[in-house]
Amino acid sequence: MIRVTVWNEYIHEREYEGIRQVYPKGIHGCIGEFLGKNDDICVKYATLDMPEHGLTEEVLNETDVLIWWGHCAHDKVSDEVVERVKNHVLRGMGLIALHSAHHSKVMKTLLGTTLNLHWKHGDSEKLFCVNPAHPIAAGITEPIILENEEMYGEFFDIPKPDDEIFLGWFKSGQVFRSGVTFTRGMGKIFYFQPGHEEYPIYYQPQIQRIITNAVRWAAPYKKLDEVFPVIQEE
Amino acid sequence: MIRVTVWNEYIHEREYEGIRQVYPKGIHGCIGEFLGKNDDICVKYATLDMPEHGLTEEVLNETDVLIWWGHCAHDKVSDEVVERVKNHVLRGMGLIALHSAHHSKVMKTLLGTTLNLHWKHGDSEKLFCVNPAHPIAAGITEPIILENEEMYGEFFDIPKPDDEIFLGWFKSGQVFRSGVTFTRGMGKIFYFQPGHEEYPIYYQPQIQRIITNAVRWAAPYKKLDEVFPVIQEE
Amino acid sequence: MIRVTVWNEYIHEREYEGIRQVYPKGIHGCIGEFLGKNDDICVKYATLDMPEHGLTEEVLNETDVLIWWGHCAHDKVSDEVVERVKNHVLRGMGLIALHSAHHSKVMKTLLGTTLNLHWKHGDSEKLFCVNPAHPIAAGITEPIILENEEMYGEFFDIPKPDDEIFLGWFKSGQVFRSGVTFTRGMGKIFYFQPGHEEYPIYYQPQIQRIITNAVRWAAPYKKLDEVFPVIQEE
Amino acid sequence: MIRVTVWNEYIHEREYEGIRQVYPKGIHGCIGEFLGKNDDICVKYATLDMPEHGLTEEVLNETDVLIWWGHCAHDKVSDEVVERVKNHVLRGMGLIALHSAHHSKVMKTLLGTTLNLHWKHGDSEKLFCVNPAHPIAAGITEPIILENEEMYGEFFDIPKPDDEIFLGWFKSGQVFRSGVTFTRGMGKIFYFQPGHEEYPIYYQPQIQRIITNAVRWAAPYKKLDEVFPVIQEE
């Protein structure tokens, strides 16, 4: 059983009627719902407004894969929780950072770059798979159409990914490395660009398939009790 | 001094008046001309119709970087010459494969895959740099516009590149890994997608800058006398 | 159920009494035996002396992962069979090349380099994992000791691997990239250096664990009916 | 002209007579001396005890490549200076981290992992090149012998390197990824393991050649005025 915690800052859905209509249970609710339909996945939720943002040691100890959605409140996440999440990733917890989570403190501290990019409201996207043998691409056979999506464009300031799985084509004339993986310590990381809060992107079956694949890919076969130690040999 | 040999199958420019008008000295002539303006580069030419396609041992022994343009006559290149070129790449000769050279025998034997792709006549492209620290990208600061270009799209069946430097956005709705590098033995390889024969793409200053950068990047600091040997240690 | 075909040239075990005593059922018999104990893996065998080396279209159509052990008879493998195996790898069949299979025609045509290396009789090896998050390393927690092993040393003329999982330390003073992965088309490839025919290396539980992990990693989630095609878009 | 700043914490050489005898001008003095003999390189020095550790905005603005040697005083480097160095790396300043600099704050914040490893006093090392086509390996044809060196061994907790250039073999039975590269933003990073303070390793011509090669490789063709920005397109 893969234990997933879906974390959401959960602000837009409460503040804007239009967004609440798209995601009445929150973005986390939508993601948790489709993940929970799989027999091998169980889901818990955590949000910014909970004590310690819902990410206590107890919660993270029982999390195999953490999904992160955040946008307007990155700086509200406490440094202590960021350090704790990083520690768990280095020990093997998988991390799936969605859309604007590229700018989360967690991603910045793990990747070391700015993760800055180009962006634009109101665009349309096609996702292409450039790594069909990768398990995250299993079952994705055609380009995925996102009728409405915010544009994220290059240059995207990330380290060289371990693997690049999806490229995004934007109607307005931009490309983006939309699905990329990294490893930090024992932890596997998948960054996936789709998912602007105003559009019902996480309801699309192929997007759900990719995130489900990513959960299975990122789940550790073993989580370490502590980060890799310094060892003096004799 | 970097010794470049520009190889061209040189058929389209002779057979079609429209293409001859674009490249009256052949595509190789155009490429050799802009490269030759650099003090550190000297250029020779070779074409399909020469004996041994102009790629004798003598010529290759004096070649630091081979540029390859071919399209309709890949199967006219003799297996012996292909094997010879491969041998020189493995010993350190740089190889720059342009546009439809992706399907050349030389590229297929070095990379091991089909290099198949999607394509379409009459499109328009924007090239984005996704690896600005790479020496091949030096001096390229803005997206490059190719008003007219043949579309090459994903999935492009190549091995995982060592580095991905440019992505192409096509107006008709496709993306492409347009500038990618590989290493085989001591030889550095750059595949660069732009350059359909009907359009004056190799006259664009930024395209010339990229190919010139690639020549300097691919030039070996040392070319081996033979391929890496099997060595039995004592 | 993952369908594995274990291919062995099966010459040493017949010709040398000492080797037969180590592998009385052939190296393929030993490998097939430990793989077959897994509920999700079923095993067939093929050897050089069979018609078409046991690798007919029928056999390969029903093979998810091909394991290859060869040493003294690489040039006895027909080019037709090599081409057929390559075709199936590009369509998604996994390939695990063991020890001296680095010099097989199959590996050379897929990787494009010489795969030459340094070597020496009668050494001792320690295998270190440098990629503990990789599924092929699952359950491998300590360096693996091979009391007796042939030395394979650098420089090993391979393309840059997708992932490097194990490094070998040899007592006589050499290192080797002993466990590396590649992708060609839809096919995943794992090269694993241990397994000289004179030593009972494939009986070691950790070696068996690695090969079993590799089988599961290399098994395709989908095998294509043909290699990736050229597609002209409209 | 490549402007190099050699930074050293410069403590061991003052505190221990034996180390002072090896490096009477400090490790930085030795490194600066051999680099300075090249017509295209000019050298400045900075040490921990200087105001702002010698790494003011003015100094970094005039630095193309920063070399870093530190060991026992990593935590004495102020967070402000670490952040400033990181900013310059992201803007294109090359960084060469030597030996125990793996544990510097600068490396940890750029790479995101612990950089923990195994270690042992009093060992002997052989360095092998596994990437002979890389410019950092130019002119290195044989394994490099370090008669006396501290052992650094795997598992080394780093992200997947962009390129792996050298592997280290240690007599006591360990291997190490001794020369690896990373890119962060516009900045190129080379980590190179040799150089324990008690042994005259930086006097060895081949070690000097590698560090000199690395300086030329890491020098930016352009340093940005600021880190890559967020850009809203219209």
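Going by the order they are written in, the chains are A, B, C and D; count residues from 1 in each one.
Keep in mind that, in the parts below, contacts are C-beta pairs under 8 Å (C-beta built on N, C-alpha and C of every residue); 3 or more make two chains touch, one makes a residue touch a chain.
Predicted model only: the values in this text are computed from it and were never measured.
K.L.:
A-B versus B-C: which interface comes out with more C-beta contact pairs?
P.N.:
It is B-C, judged by the count of C-beta pairs in contact.
K.L.:
Measuring centre to centre with CA averages, how many angstrom lie between chain A and chain B?
P.N.:
A distance of 37 Å separates the two centres.
K.L.:
What is the distance, in whole Å, between the centres of chain B and chain C, each centre taken as the mean of its C-alpha atoms?
P.N.:
33
K.L.:
Could you check chain D for residues that touch two or more other chains and list them?
P.N.:
Within chain D, the residues that touch at least two other chains are 131-132, 153, 155, 160, 162-163, 174, 183, 185.
K.L.:
Are the chains arranged, by touching, as a line, ring, star, complete graph, or other?
P.N.:
The chain contacts form a complete graph, every chain touching every other.
K.L.:
What part of chain D is in contact with chain A in the complex they form?
P.N.:
Per the touch definition, chain D meets chain A at residues 86, 90, 109-114, 116-120, 151, 153, 155, 157, 159-160, 162, 172, 174, 182-185, 227-234.
K.L.:
With touch defined as at the start, can you tell me which chain D residues reach chain B in the complex?
P.N.:
Spelled out, the residues of chain D in touch with chain B are 92, 131-133, 135, 138-139, 162-163, 183, 185-188, 220-222.
K.L.:
Give every residue of chain A touching chain B within the complex, in rising order.
P.N.:
126, 128-132, 153-156, 160, 163-164, 167-170, 173-175, 177
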